[in-house]
Each structure stands twice: as structure tokens, then as C-alpha cells.
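In the two assemblies presented below, chain A is common to both, partnered first by chain B and then by chain C.
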Partner chain A sequence: MTFAACVLATAEAWAHAFLDHAAPAVGSTLGASPAAVRIWFTQELEPAFSGIEVTDATGARVDVGTPVVDAKDHTLLIVGLKKLPPGEYKVHWHVISVDTHATEGNFSFRVGP
Partner chain B sequence: MTETLLLAARALHFAASVSLAGTLGFTLFIARPEALEGIYRRWIWTCLVLALVSGFFWFLALAAGMSGRSLAASFDPHILDTVLLRTRFGQLFSLRLGGACLTALALLLPARFGKMLALAFAAALLGSLAWAGHGADDTGANGIFHVTADVTHLLMAGAWIGGLAPLALLFHRAILAGDGEWIEIARRAARRFSLLGIVAVGLLLASGVINASYLVDSVAGLVGTAYGQLLLVKIALFATLVALATVNREVLTPRLSATPRGAKQRASALALRQLRRNSLIEAGLGLGVLAVVAVLGTMVPAAHQQPLWPFPIRFNTVVLSAPEYRGEVWLALASAALGLGLAGASFMFRKLWGAVMVAWLVIIAFFLPSLSLLTVPAYPTSFFQSPAGFTTRSIALGQKAFAQNCVSCHGAEGQGDGPLAKQLSDPPANLTAGHIYSHSDGDLFWKISHGIANTPMPAFAGSLDEATIWNMIDFIRANADGVRAAQGTPAQAPDFAIQCPDGTLTALRQLGGPVVHLVFAGPQAGARLAALSRLDLGGDVTTVIVPLGAPEEATSIFCTAAETGMAEAYALYPPGRGQSLAGDEFLIDAKGWLRGVWLPRAGAGWSDDKAFRRDLEEIRANPILASPRLTGHAHH
Partner chain C sequence: MNRPIKGLAVLTAAAIVTLAAHEARAHAVCGDRVFPPTLTMDDPGVGDELSLPTIQFTPIPASGGNPPGHTVDYGYEWDKTITKDLGFAFNGDYFTQHGAAQNLHGWDNVTVTLKDELPCNDAHEFLVSVGVIRQFAGTGSSQLLNAGAISTVSNTAPTLYVGKGLGDLPIGYLRPLAVTGELGYQFSDSPSLSPNQWASSASLQYSFPYLQQHVKALDLPAFVGRLIPLVEVSLSTPPHGSTTGTISPGILYEADTWQAGIEAVIPANDATRRSRGTGFIVQFHLFLDDLLPNSFGKPLFDTDLWQ
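Up next is the complex of A and B:
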């Protein structure tokens, strides 16, 4: 029982791809326009069914190109950005992990002045 | 519709795969009476066909789920193509389809060799399901360990649960025949099968604990999430299965006897009927387990959900190392164990039973207050993980909310000394005292949201949203750290985004390596920044500038942090709060501990390179071994 409790207490969280961290970081403020949105997930992704959309305060899309899964790191999803003027931006991601589970989420970031 | 089809197809596929491998194993290693060969063969082929059909519907339901279309709309060559060829599940599906065909071919081969081959393919078919579930993330040694446990779990389920149907059939045939020869066949099969069962149960338990550890990361996750509770249902079903199997092994099988008549024969006939009944119940329970598994595999695992703690208390083992309580608690634990031992012994000495029980109750009652030291009050949200992330932004927002809602009682610095404090029936808590560290973020969340009964602490759930309350908790933490930093307690540095001239975009907690030298650069910072640009501090130091009006040409060669709340959050740590941070510098070590601060108004300090290098060396040489409070994965 103690063994079970120890194992249970120290384990890592897996299964279903959730956002692990992102650049720009979730909720962060940047001094200048970033070139891309990169999101690292907790699990490897199915490139064919995973995507990111970035919108400005008016709801207009500011991402460019097709979102791609990094060739070396299959947990990293990247989409390019137009040059962003200062303001609040919303990121919506929807992915399917290699264990077939669909997850999605939102976060925002700000470009300063 | 898609979801129902998916669950039904998964359940049926698991059951068919388990039964296919289990029955093949049974006929090879447990028993294969000639009279039953035909029916066993038909059963094996039925399982194989069911596995194929259910596998097909599973694939279809997944294609619909992945493409986000209806079932009918996903029946489109383009989508099926993409899923089959360009997803890991599709590739696995093709491989398993091939495996099923090979199983069928092997079954057509003559005699025992064909069967062995068929068993190998059927086992591969069953074991490969590990990659179709939560274990699919097989990166690194940890992943291989998880997948090994998963495969073992599946194979053992096949050997045991999958063998129950042919076993029940054998018992049924023996009851119909009713002669000594069949009783002997049944007895031998039952004994062999129970031996297999012991091995299977042991391995199922071990691999099950390993699997659970990956998907349920705490006791709270087990009792407080839908995933964990369903897992508990599975464990209960499994325990019932094991109990029945134990009765079969210890009580019923020994009663089987080939004696032709008399009391022994009647007992044997009854035991055989009970064995058949139990095996059928076990097979039913096994189906229940597999149905639960089919659902579990599509749910969000407990490790990714906020668990609702169902009990009013939780364990707190801190007292076991607290010198003033430790002796008392260990004595109480030892006495309770002794009492339990006595209670157990009383079963063997029936005459003393009453007296021993009374003695045990007295011991327990006497030590109960000490044992209760091991628990602390808990709330439904006690094990919630804060989504706020302990960033400068969350702290600054939290500070604003704190100023509007809390300072009148708790005081501007949270020390319980607000203007209204003296008028209150209960003094407001000092939020910088040591006890603040023994409350989880989730504990604080509950107290702020729902107030504290019979005290003046009101509930804020109606007036503040959840995000604001989590931000407030981040501020309370940073504030307590800041107040206590004066006494030498290390503080966890608030997180912030960092942008570097080469385009790199990162955050303090993602750096994971260098010492960060944080410089708040005001309009007069030009000279200091020029000096820093000439200073070679070594590759393990990254200088990050917080622009507070510094000339742009001076900052352009450094990484910068323009995060909201930088000035507000970092102002909490140096002595003499409320002053402008312009010119102030901080050192943050590789683990994220705030290790040093230099305020130019307080003296020459780091403007002397030697003094600065000495402080850096001190940080490198004496790392703090503890990890800062983890904030866990934030789900957005």
C-alpha cells in the first residue's frame, strides 16, 4: 500500500495532449512582435489533425501559413505570424494526440508598448 | 452517436481479443478434451471475426472523431486515407489487421504447431492494444517501462479472463456427463487454471499499479475525479473476481472427487455446479472490467483534472518530523498497531475475545487525539492546482484585487494589521506567518471563495471570479516570501516572458539552466548597461533587462522582459517597499530561487565587479537543494 502510494505520488502526468508551455508564454506581454507561436504539448501530436489559429482583438486572423509539427520534436506545434502591432492576441489550439484523443484550448498574449 | 459507437466497438474489441488469446492459451496449456474440440474451435473463430468487425467500427468511429465530422461524412476516401496512412493509430490498425489475417492462417495449419503460432499472433494482437490507448506516448525509457507494463497487463488479462469461458464450458460438459472420468478432467483443469490465475493476478496487480501511476498522479486524483472513481469501480470488480477465484481454489476444487456414490459424490457434484456458476459470474465480471477499460481509455486521465476532495480532513505527515509532536504521534501509531495485532490474536484465543477488544478500544480511545495530529482540515478544492502560474502578471493583478478586498482587515502587507482588525471578534490571519506554507493553494482558494465559518472572514465567490482569486493567492505567496526574505528565507522568483535579440522567445521557468541577472533599467541606465555589456560573466549567466524608460540603443543587445507587473511583483522582495525599482538588480539561480538583490541607493555593491563576481560564485557553489513550489501544468 505504501509502495502504491509512493508510486502514485511521484508519477508523471501523461495521455491526452495538453499545453505544456508556449512561446509567447501563456498570458505574457512582449516588447516586440514575435515571429511565430510555438506550443509544446504533453504528448506527441498527429500533424494531419492539429492546428493553431491566432486572432487580434477584432477577431481577424493574424497567423500565416499552415501550422506544422516540428520535424524533430513531435510535441511542438508551430504557426507563423504577421508582424503584430501592439495589442491583445488570442491563440486557439486544437490537437489530436498520437493516442487518438482530441483536446483544445485558448490563451492570450499581449504585444506591449 | 460516434461516441457510443466508439465505446461499444472498443469494449467488444477488447473482449474479443482477450477471449481469442485466452481460449487459445486454454486449449494449449490447461485442457483440451476431445469432446470439446469442435466447440472450442468455433468459439475461437467467432472471437476472431468479432475482433475484426469491432476493429473496423472502432477505426470508423475514430476517423469521424479525428476529422470532427459525422459518421456518414467521414466515410470519405480522403479522410479514411489520411487516418489510415498518416496517423499512428491508422498504422497500428493496418498492422493489427495483418496480425488478424496471420492468426486465421495459422489456425488453418495442422495440429499443435498451428495453434502455437496462432496463439503467438493472437497475443501480439492483444498486446499491441497497448499502443492504441493511453500508453501510446512511448518516448524514452520511461515510455518503454509504461508500455511494457501495459502489454503485460493485457496479456495477463487474456490468460485469465479470456480462459474463463472455455473453463465454464468444460465444467458444464462435466456436469452433463456426470461420470468420474469427467470429474477428474474438471478437477485437473480447475487446478491448472488456478495456478495460472495466481501468476496472472500477481502480474495484473503489479502492472496495474504502474499504469495507474502514470494516469492518476495522486490519491486525490483517485477519489476526486471521474476517471479515478471509474478506476475504483474497476478495482472493486477485480477484487470480486479474485475473491471468487480464491473460493474456487481453496474451497470448491478440493471437493471434486471421482468417488461414484455417497456423501462425497453429492458434495463433489454440488461443487462442480458451484464452480460452473462462479466461472460464469467471473466471466461476466471480466466483461464488466473490459467495458470499464473501454470507457477509461477515452476519458481525460485524473492526472489532468482538478480533483474534488471528498473528505473533511487530509493526511499531513509534517508532524512526523516536528520535534515537539513526533514522539507522541509515533507512540500513538505503535499503540494502534499493537491494538490491531491484539485484535487479530483474539480470534485465535476465543475465550479472551471480549477482554482483548475492550483493551484495544481503550488504547485507541486514549491515543485518538494524538493520531488526529496526523490530519489537517481539508476542503473540496484542497488538491486543486492553481492555473495562475505565479507570474509577475498574476501577482500584480492579485495585488490589485488584494488592495480592494483584503487590506482593510489583513493590512497592506497581509500581516493581519489592517485598519479594521481591532474591531473584529476574531483577529484576521497574519498571511505572512509560517502557517501560510502549510496551506495548499487549493486550501486558500476554498477559504477565500467560501469564507471561514464562525469568523468574520467573508466569502468572495459571489464578487470575484476564480481567476482573480487564484491571482490573489499568487500575490499572498509572493508577499509572504517578500516579508520573510528579510529573515533569509529564499523566495521563488515570479515568472515572466523573455525576448532576446536573436528572436528567441522564452520565459524564466523555461530557461532551466543559466543564472539570470535581472536589471531594472531606468532613464539613467545607459552607463551601467554599457559597463555590463563589456563584462564577461561566463556562459551560465544571462542578463535580462527590464526597460523602465532606458534608452533603446543601450538595451538592444540584451534579452529583455517587458512583462506586465514586473515592477509591482519584484518590488515585493527588496527591503523598503514602494520605491521605484529603476537601477535595482536581482540574481535568480538555475532553479528559480531569488538569491541576491542590489539596490544602488544602498551602496556600491555590484557596481564593483569583484563583489558581483563573488556573489555569483556564492550562488554557483551553494545551490539550494529544495525545489521551488511547483505550479504544475496550467491547462488553457
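Up next is the complex of A and C:
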């Protein structure tokens, strides 16, 4: 127990980066097309190795531009979107945290009624 | 104490020590799924982790004129990756028995596991590992050895580990469910003294982190969003004799760099209830790959046997 406490106390508090929350929210339905997908992670990210792809029901890409890590909040990854018609959209993210751990994940959101 | 009663007491202690000795836990990610370390069985991956401590309390029922008692087992395990997919684990425990037939305390035999994680199917959250578990007789304390509470015969168990998340199925709020399993056959070094036997375990888990991250972000308190309720079942089946085992419902809390868990440990059948009552197990677990990413927390060789 003492050893475990020492490890916790002395270690650098880095970890795998997992999704903390997102806008649009995971599994949500929006009344209008969002301008971008924003994902906040549990750790700071390496910008050069982190990205987001957004696809529609046919698998066509609907994201535009290069995903960027927010200049002030290094846990926030943003990608722009085309104007989205009603439908289901899938978000795939892949990131590398500052301690070089790679993680990825998926979620969906819906536009329209 | 007459011989049959002493025999039962020894069997009780041996059964409890054996169940504790086969804990081996690691940390595994496959696609969207994180298979968390489980308490009474192994999970289907390899990793750099430390379980310290794992404490298990087990009541012993009164029998044959002996008073009731209890055991407390203080376990540890260190998991280390050799390559990204290949790892080993050391685990053992300090065993104490109070009351019942006799008071006992001492170190259990050491167990070493070598395990390889096969390439996972990300889309179907399907992960398989194969391993070999070796328990080294003679590494435990002489008091437990003399009392017959720990095995005097080493054994080797080729073991298959499987994990399957249900996130690929169109089942809505049930997508956070996952099942894991472990199946091994223990080859005794001396079957006439200690028989070969099957050892199997399974778990059913519901991951609130998975729900929040991949299915539907609900307005849950942050604490709840890190919980994983689960139930584990562990069984041992000798070639002659009754199957014994436990059912362990409980809950895990998954932090960024550590995990804590607690489960009730309930006898699975009458044969098990003869030697143990309902107890509990608690564990504190560290993810060394996150805590010490540049030293103990990384593979010895930065390669993958399958790539």
C-alpha cells in the first residue's frame, strides 16, 4: 500500500486520452447542422498526430479542413463540417496524448427530427 | 482434532489460497472497448500494471465441532510487458486464517504467468490472448506448507482468454455490455498427489464510461460515469469430485491512472458452501503505463510479435 501511494505521489500524472465530452454530444440529435465537431479529452494532445473524421450514412466524408488542437485548451480537438442535411453521422477520432499513448474511438449524432 | 475434520480445514484453506493465487489482471483496449482489470479472474489483455493490494475476506463456517473462523488474504500482482503484446505477471499473497480448525499465516506459493495478446478485432471489440500459468510449489511459507494449506505440487495451466464487447450490436443502451472469459487446464507435476483440473471464469460487465463516450452522453454525475458494475463467476472442476466456485457481483471505479474495485464473493453451490461463506474482495490497481510511461510502464522491447 505504501509503495502504491509512493508511485501515485511521485509519478507524472499522464494517461491515455479518452473522450471526456463532445459537441455535438455523443448520441445526441440536433435541430440544425453544427458548424464543427469539438471533442474534449481527458489529457492534452499532440496536435500533429490527432484527428477527427466525420462521415454520413453512405460513408462520405463531411468534415472540412484540418483538425486542430485548440491553442489555449490542449485537450480540445476541433474539426469543421460541411452544412449537414438531416441524417445520421459517425465521428471517428484518433489521438495521441502528450505521453505518446495512442487511443481512438467512435460515436454518432443525428441532424434533423 | 480428528483427522477428517483436520482434512476439511486443510481443504478449506487450500481452496481459498488456490482461488486467490489465480488472480492475474491486466489492462486491455480493443477498438472502442476498454476491458478493465477484474478481481477474481484475469482480463483478456496484457499490460504494465500493479495490483496492490488485493484483500479478500472469507468466512469459514463451523463444522465438525470446529468453531467458525475466517481467512484474510493480502495479494499483490505485477504485470510487465516484454513486447507490446507479450507480458508476464508475478502474483502471490500473504494468507491468514483465524479460528476454524487452526490459526495459520504465511506466504502463498508464487505464480507466474506468461501471456500473449493476439491482434484484436477493433470493429467487433473482440480480443483473445493465450497464456501459460505456472504455480511454483515450495515458494510459500513452511507453516502453510506443513498445514497442507498450500500445494506441495507445482502445476502448469495453458489458458485461453477472451473478451467481447457488445458495442457493435444494434442494441442501444445495452451496447456498453461486455463479456470476458478464461479457460485453463491445470497440469499437475504429480497428478497422483494433486489432480489435474479445469479452471474457468467469466464476467459480465456494463461500462458507464463506454455509455458516455460511445453510445449516449447522459447527464450523469462524473463519479457515476466512471463506474463499471459487473459480475464474475469462477469455477474449478477436478476430474473426480464436485465443481466448486464463486459468484462475485460488484463494481469498479475507473480513474485515469488507477482503478478501485469491490465485490461480494458468494459460494456458487452447496459443495462450495461447505467450506466457505459469503465474503468480499477489494482491490486497488495502478496503471503503470500511465503513471511511469518512460520506465516501468513501457515494454522492454518496443515491438509487437504480430506486426
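Assume the second predicted complex is superposed on the first by the 99 of 113 C-alpha atoms of A that agree within 3 Å, B and C clash if a C-alpha of one lies under 4 Å from a C-alpha of the other, contacts with A are read in each partner's own complex, and residues count from 1 in each chain.
The definition used in the following text is that a contact is a pair of C-beta atoms (placed from the backbone, for glycine too) under 8 Å apart; a residue touches a chain by one contact, two chains touch by 3 or more.
Not measured: the values here are computed from a predicted model.
Contacts of A:Gly59 after superposition on the shared chain: neither chain B nor chain C is touched.
When the two complexes are overlaid on their common chain A, residue A:Leu30 makes contact with chain B while staying clear of chain C.
Shared-chain residue A:His101: touches chain B and chain C both. Contacts of A:Leu19 after superposition on the shared chain: both chain B and chain C are touched.
When the shared chain is aligned, chain B comes close enough to touch A:Glu46, but chain C does not. On chain A, the surface patch touched by chain B in one complex and by chain C in the other comprises residues 3-4, 7-8, 11-16, 18-19, 21, 25-28, 42-43, 99-101, 105-107. For chain C in complex with chain A, the residues that touch the partner chain are 29, 32, 34, 50, 52-53, 209, 212-217, 256-258, 284, 286-293.
Those residues of chain A that touch chain B in the complex are listed here as 3-5, 7-16, 18-21, 23-32, 34-35, 38, 42-44, 46-49, 96-102, 105-107, 109-110, 112. Taken together, the chain A residues at the contact with chain C in this complex read 1, 3-4, 7-8, 11-16, 18-19, 21-22, 25-28, 42-43, 99-101, 103, 105-107.
Across the complex, chain B meets chain A through its residues 62, 65-68, 82-83, 86-89, 132-137, 139, 142, 146, 209-210, 212-219, 221-222, 298, 300-301, 303-304, 389, 391, 393-394, 495-497, 499, 503, 505-507, 509-510, 547, 560, 562-564, 633-636.
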